[in-house]
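Here's the structure, in structure tokens; my notes come after.
A, B, C, D and E are the chain letters, set down in written order, and residue numbers restart from 1 in every chain.
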Amino acid sequence: MLTAMLAIGILAALFGLLLGYAAIRFKVEGDPIVDQIDALLPQTQCGQCGFAGCRPYARAIAAGEADINQCPPGGETTIHALADLLGLDPKPLDAERGEHAEKTVAVIDEQVCIGCTLCIQACPVDAILGAAKQMHTVIESECTGCELCIAPCPVDCISMVPVKKDIRDWKWPYPQSAQRPVAASGE
Amino acid sequence: MRYRSILISALFLFLFAVAGSGLVAFTYDLTADRIAENQRRALLRSLNELVPEERYDNDIFTDTLTMPVSGFPGITGPVTVYRARKDGWPVAAVLAVTTADGYSGNIRLLVAINMDGTVAGVRVVDHRETPGLGDAIEHGKSDWILGFNGRSLGDPALEQWDVKRDGGVFDQFTGATITPRAVVKAVRDALLYFGPRRHSLFEKHPDPPAAS
Amino acid sequence: MMPPDDNAPAMTMLPDKPLRFPGGLQLASNKAQSLGGPIRSARLPRRLYVPLSQHIGEPAEATVKIGDRVLKGQQIARSLSYISAPVHAPTSGIVSDIGKYPVPHPSGLSAECLVIDCDGEDRAVDSGLKMRAALDADPAEIRQKVRDAGIVGLGGAGFPTSVKLNPGPGHQVELLIINAAECEPYISCDEALMCDRPQDVIDGIRIMQHALGARQALIGIEDNMPRAIECLTTALRNAQDTALRVVPVPTLYPAGGEKQLIYALTGREVPSQGLPIDIGMVCHNVGTAAAVARALIHGEPLISRVVTVTGAGIAQPGNLEVRIGTPIADIVEQCGGYTADVARLLMGGPMMGIALHTDQLPVIKTTNCILAASRDETPDPRPALPCIRCGKCADVCPASLLPQQLYWYARARDFDKVQDYNLFDCIECGCCAHVCPSHIPLVQYYRFAKTEIWDLERERQKSDLARQRHEFRIERLEREKRELEARRAHARKTPDQAGAGDADAKKAEIAAALQRVKARKAQQERESGTGESLGAEQQRPLTEREPRRATQQDDEA
Amino acid sequence: MTSYRNIVRDGFWTNNVGLVQLLGLCPLLAVTGTFINGLGLGVATLLTLVASNVIVSLIRSLVRPEVRIPVFVLVIASIVTLIELTMSAWFYELYKVLGIFIPLIVTNCSIIGRAEAFASKNSVGKSFVDGLSMGLGFMLVLVALGSLREITGTGALFSQAHLMFGDAARSLKLVLFDDYGGFLLAVLPPGAFIGLGLLIALKNVIDRRMQRRAVRHTAVAGRVAEA
Amino acid sequence: MQFPTQSSPYLPPVNDVTRLMVTVMLAMIPGVLCLFWFFGWGVLFNLLVASFAAVGTEALILRLRRRPVRPTLGDGTALLTGLLLGAALPPLAPWWIPAIGASFAIAVAKQLYGGMGSNPFNPAMVGYVVLIISFPLQMTLWSPPHGAGHDLLPLLDAARLVFLEALPPGTRLDALTMATPLDAARNDIARNLTWSEILQRPLFGSFAGRGWEWINFGFLIGGLWLWQRRVIHWQIPAGMLGGLFLISALFYIADADSFGSPVFHFFSGATMLGAFFIATDPVSAATTPRGRLYYGAGIGVLVYVIRTWGGYPDGVAFAVLLMNMAAPTIDYYTQPRVFGHRDAGDDGND
């Protein structure tokens, strides 16, 4: 009986040594999952999720501090992608964070703009051009539609307009048929 | 620093392993007798169904022999013989036999034979026959197995130790022939084996009790 | 991609008889209705709507203003990038508007068009395209002329022809294949062209062959067009040409698919996501060849094309030579108008064409057929049943795909899986949907998935750009903060060196200004390049530019 | 964060081991031929779960992360062996029926799952409640499936009750349908799969009903608040 | 003028699910006629009860699922499931056997998975397997074929037996039933008879069992017609018969006394029904050309293995279900080479 106990004990000690060594040898620095989550976020940097941009939100998700349904610009697509990546169940968008809306871009009414540069400081992607006392303008192709420039503007000259629909961006619609579309659950 | 952390892990696991296995060892010691008694009683119960307790006074559980058997097509492998004696006289023997002729896999049987050569009873211990068809050989499912009680090699005659479809006297069940046929053959061969050896079997020294 | 070199020797070994490509369908050809007579010239309409983008690639940019008088053949829009084509005035008249008008497109959306009020005089300008001896000319010069003539592939895709006449460095063209298979039912414009103008066709092919330096040229024609085959062979016999052959291929839809035709003629497969040039071949449509001849020999830019007007919904089907920009309603009227049976209007054939919601749309360079079909010819789609995995779609798929797998994944919006099953090898020929016993609109599922994937790709690139810009901004803010603090500390410690701090601040300001200028420049560049549908190739330099800019900034700081 | 109430609800319903996490399916499917079998294994699993949760929670501050899993496995294996020995000493008949599935509790993922996901992060009290509710939730599924299969398969319930409750319990056997021919499919393994599927479906139906009702309630409440 | 729009292609479709199903039903006629000739009215009752139960269950469940009932019933798939199951059942089985089998097939094996097109298993065979597992007794009682020394029961007696479970006066159930040749052969092999002896018995007809030879021949004819009409692909029947032939020939050559000949296996039991009508059910079968061949071969081999060593007399149903499970995997590994790719599965990005 004693020998059996001792044998198991020694075996366990050996495995303990091995595991202790492995823990030091194979220590992973950093967290690659943050990059993967970040890659799925829409990068509007709008802060609607409650974090200061997409990457902080990604870090929070990875740490389990934030839920995956806090990104209104990404909408359902992003939630599904995140659920897939993290092996979670998709859930509906957190309504408190806002609604998934059509994509918009900011446009500055150049007649009204007084050139205060406040919006330039607010823009998370440096998509607004201009200098002090000069009229500003938004680079449409780089604007993420985050709406962060609207609040600082003292003269309310910025408005959000829907992205123009072009024949080249047109997408074939999902086929209409008698069948009800099924959820994206695989076989 | 590094080595210390490794050593602490090892030591920790060692302590847990020793504690866990110590606890198990302790419990094992505590329960071992009771478990052995349970096992003995379980086997005795099934033996007593065939050879009632009042018919013998020896320790049937340890008074066993394991004999190699060959030349009997209905039986495969060695046969274990449980011997029942009263006042030192042989009363009956229970043969644990196995047949390979079932529909799927082996059938293990206990065949109890009185010293006069009549069947005291047959029970199926283990089988894998088709549920709903072949499993009627179980006592719990039907009374078919009781049909052997009191039979002997002369009753019926040897060539009629067979299912009805093959010209014998024993019923097959509707839809299944192979299973009852295998059981009938196994019982017949158990009788054939026991008949000429009934006395010599009781003279041998018992097997040493299996270490458990 | 497959290395292009492993096939050069095989070139000479063409199969004795055309091969059968995988899948395919036997369809009733229905071409006789429109082949009753020779090609008629359509009359000039009162007003033309000429879209600025009738081809694959960048739209052209208008070079005329509203109110300008233009002459027939005058360039009215120029191409701005390599993959683009100019547009010419189809007749003389006055530019009355430049703006968005409906164009033939499955979306039914509008696009930029030039509207010309015709003056009916049809006065022409010298295009300067005519070449005295095109067959002796430098290939580069031929390509330039073809480009100036605004010629694009007339088979349906509309890829700028000059680009396809340039094999590019490192490529040797062994074989020019002329696609005259015209496999879709009802369409007969190429057949009519070959019968009526065989000389144009052959002249054009010779010029192309010369421009490409191709040793040999094959004309692949479906064997249910004996008259066209005869016309071409007769013309060829007169010309004593041996480097140019007519090869009848078995009638099997879609024999006119580029990859299918090349396989049928040569037994070689164009690599997936590759081009024929990767195996030393180039494929042009027969109508394109004729257009090249019209331009380089007769000096006419691409301002008209042969259009088949047919279907049970048309009173007098036929083939018409139509000016680009003519409203469809106008040419239907010239074909006797609609019959009572008309139920559907298609541009192109019944397998791959697009359904038009109205006939107030112009004919464009890629309009090969106007099909006004009856309900019997093109019934309303029946309600789709669930897929029963019968596999008939896979039997007929000319790309050997597994259409039902693509369908499952497209339906579930699993865009990764659908690409694993090679969605982008699908040529949208429609065979699978045609044979589907459950009447599932398979092709639409694939189109849906393709456009979704492109859109996702665009989005991804956009978000990558935003991420980089955001990261750069954060870095910049931090750096500025650091610098500010350093400056303050410095100023406190050694007040006499405050000037240096100022210099630093100046430097930072200058850097910021520089960056703004650069950003603006970049924006201008990008704006000149916008409108492009952001294929991966086009987008890559953009995304590469960003980090470069960021590092530059670092160096300067 | 995790109140006792949530822990209990998780174990019994929202995160039920058998119906939602689908852990420990091997014993779940194999032994639930009758009510008593289900109950027997359910009790064994429950004991293991509670004991392992409590012990793991007790030692949670001592365990170094790298040897965490082996330690948990050691704890669980010891507990299961103790239970096995105890059962074969005092419930020998039942032990014979449940056979190899008792040692297999070691590999029941739900136990190490709870140890890792809950007990190693929570206090002893909470871990105890978690083990208890998770184990009871699992036991309920085993019992439900066992009853379902026993009734459809043999037309009776509580047969063999004496295995657990002694000979006096023999009379507990309820024959629900006299002259029932028996539906073997339910007794055989495929019946276990189908039965479990139906139970899961039933749970989903109930969940959906409750969700709909909750939505209606909040809507009504909202309207009341407005008015 | 305004016109409707939709995606291409626009030509009228050339195939139709209902038409495919009706074609399969028509192709069953020769085999079913043979069944009827040799086993009498019970066959008809089975087909009728199973069809009614199948269609009725489908209607019921569609209602419960709030799906359109009429159009879905019109596709004929439920009816075909009922007919296939009915054709596989023993002829004098009590009426509730086909009823339970068909209801289970439709309700569990088809509708619970999502209805037509979504079932991973062949519904008819699921129904059959449920029956043989649950009611092995009723499922192994085949009546002797016509001409094997017994007369067929007249219509009324058969109806009383099937629907009221009342035996005709003066008969015993055992007298009305006997094992199928497949089952009988296994019994005899177990008794150490040799195949040449077994084949002497009247039940075995000319080479594979009285009646069964003709029934299988009937289904073979129907199956070939289906192939000729391009309703089924040749790979699955060819694979299944090929696999069955290879393995049975192998054992037959090794030991002709203990193992049945390929001919026996081809023309007994449900071989031809399985090969042409059941294994070819597209929804649950493999779909790639090469995959179909492997799938069929797998069924053929499994049929032989189950018939020879398994626990139930015929193996077609089990073999089909087992291979149903393997079908997605087979499909995955047998994708055809896409045009312009070098190898199958090559994603072209190399």
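We adopt the following convention: a residue touches a chain if its C-beta (ideal position, glycine included) is under 8 Å from a C-beta of that chain, and two chains touch if they have at least 3 such contacts.
Being a predicted model, the structure only gives us computed values, none of them experimental.
Novice: To reach subunit D from subunit C by way of touching chains, what is the minimum number of steps?
Specialist: 2
Novice: Please find the two chains that have the most C-beta pairs touching each other.
Specialist: Counting C-beta pairs in contact for each chain pair, the top pair is C-E.
Novice: Measuring centre to centre with C-alpha atoms, which chain is farthest from subunit A?
Specialist: B
Novice: If you average the Cα atoms per chain, which one ends up farthest from subunit C?
Specialist: The most remote chain is B.
Novice: Per-chain Cα mean versus the mean over all protein Cα atoms: which chain has them closest together?
Specialist: Per-chain C-alpha centroids ranked by distance to the global centroid put E first.
Novice: Would you kindly tell me how far, in whole Å, the mean C-alpha position of subunit D lies from that of subunit B?
Specialist: Chain centres of subunit B and subunit D, defined by C-alpha means, are spaced 35 Å apart.
Novice: What is the distance, in whole Å, between the centres of subunit A and subunit E, each centre taken as the mean of its C-alpha atoms?
Specialist: 53
Novice: Could you tell me the distance, in whole angstrom, between the mean C-alpha positions of subunit A and subunit B?
Specialist: Taking the mean C-alpha position of each chain, the two centres sit 69 Å apart.
Novice: At least two partner chains per residue is the criterion; list those residues in subunit A.
Specialist: 12, 15-16, 19-20, 23, 172, 175, 178, 187
Novice: Enumerate the residues of subunit C that touch no fewer than two other chains.
Specialist: Within subunit C, residues 106, 383, 385-386, 441, 444, 447 contact more than one other chain.
Novice: Residue numbers in subunit B touching 2 or more other chains?
Specialist: In subunit B, residues 5, 8-9, 12-13, 16-17, 20-21, 131-132 touch at least two other chains, as defined above.
Novice: In their complex, what parts of subunit A are in touch with subunit B?
Specialist: My answer: residues 1, 4-6, 8-17, 19-21, 23-24.
Novice: Can you tell me which positions in subunit D touch subunit A when the two form their complex?
Specialist: 64-67, 70, 74
Novice: What residues of subunit C sit close enough to touch subunit E in their complex?
Specialist: Subunit C residues touching subunit E: 1-2, 21-22, 27, 106, 108, 185, 259, 263, 269-274, 329, 338, 342-346, 348, 350-359, 373, 376-383, 385-392, 394-395, 398-402, 404-405, 419-422, 425, 428, 430, 433-439, 441, 443-444, 447.
Novice: Which of the residues in subunit E end up touching subunit B in this complex?
Specialist: These residues of subunit E touch subunit B: 133-137, 140-141, 173-174, 177, 179, 186-187, 190-191, 310-312.
Novice: Looking at the complex, which residues from subunit A come into contact with subunit D?
Specialist: Touch residues, subunit A against subunit D: 12, 15-16, 19-20, 22-23.
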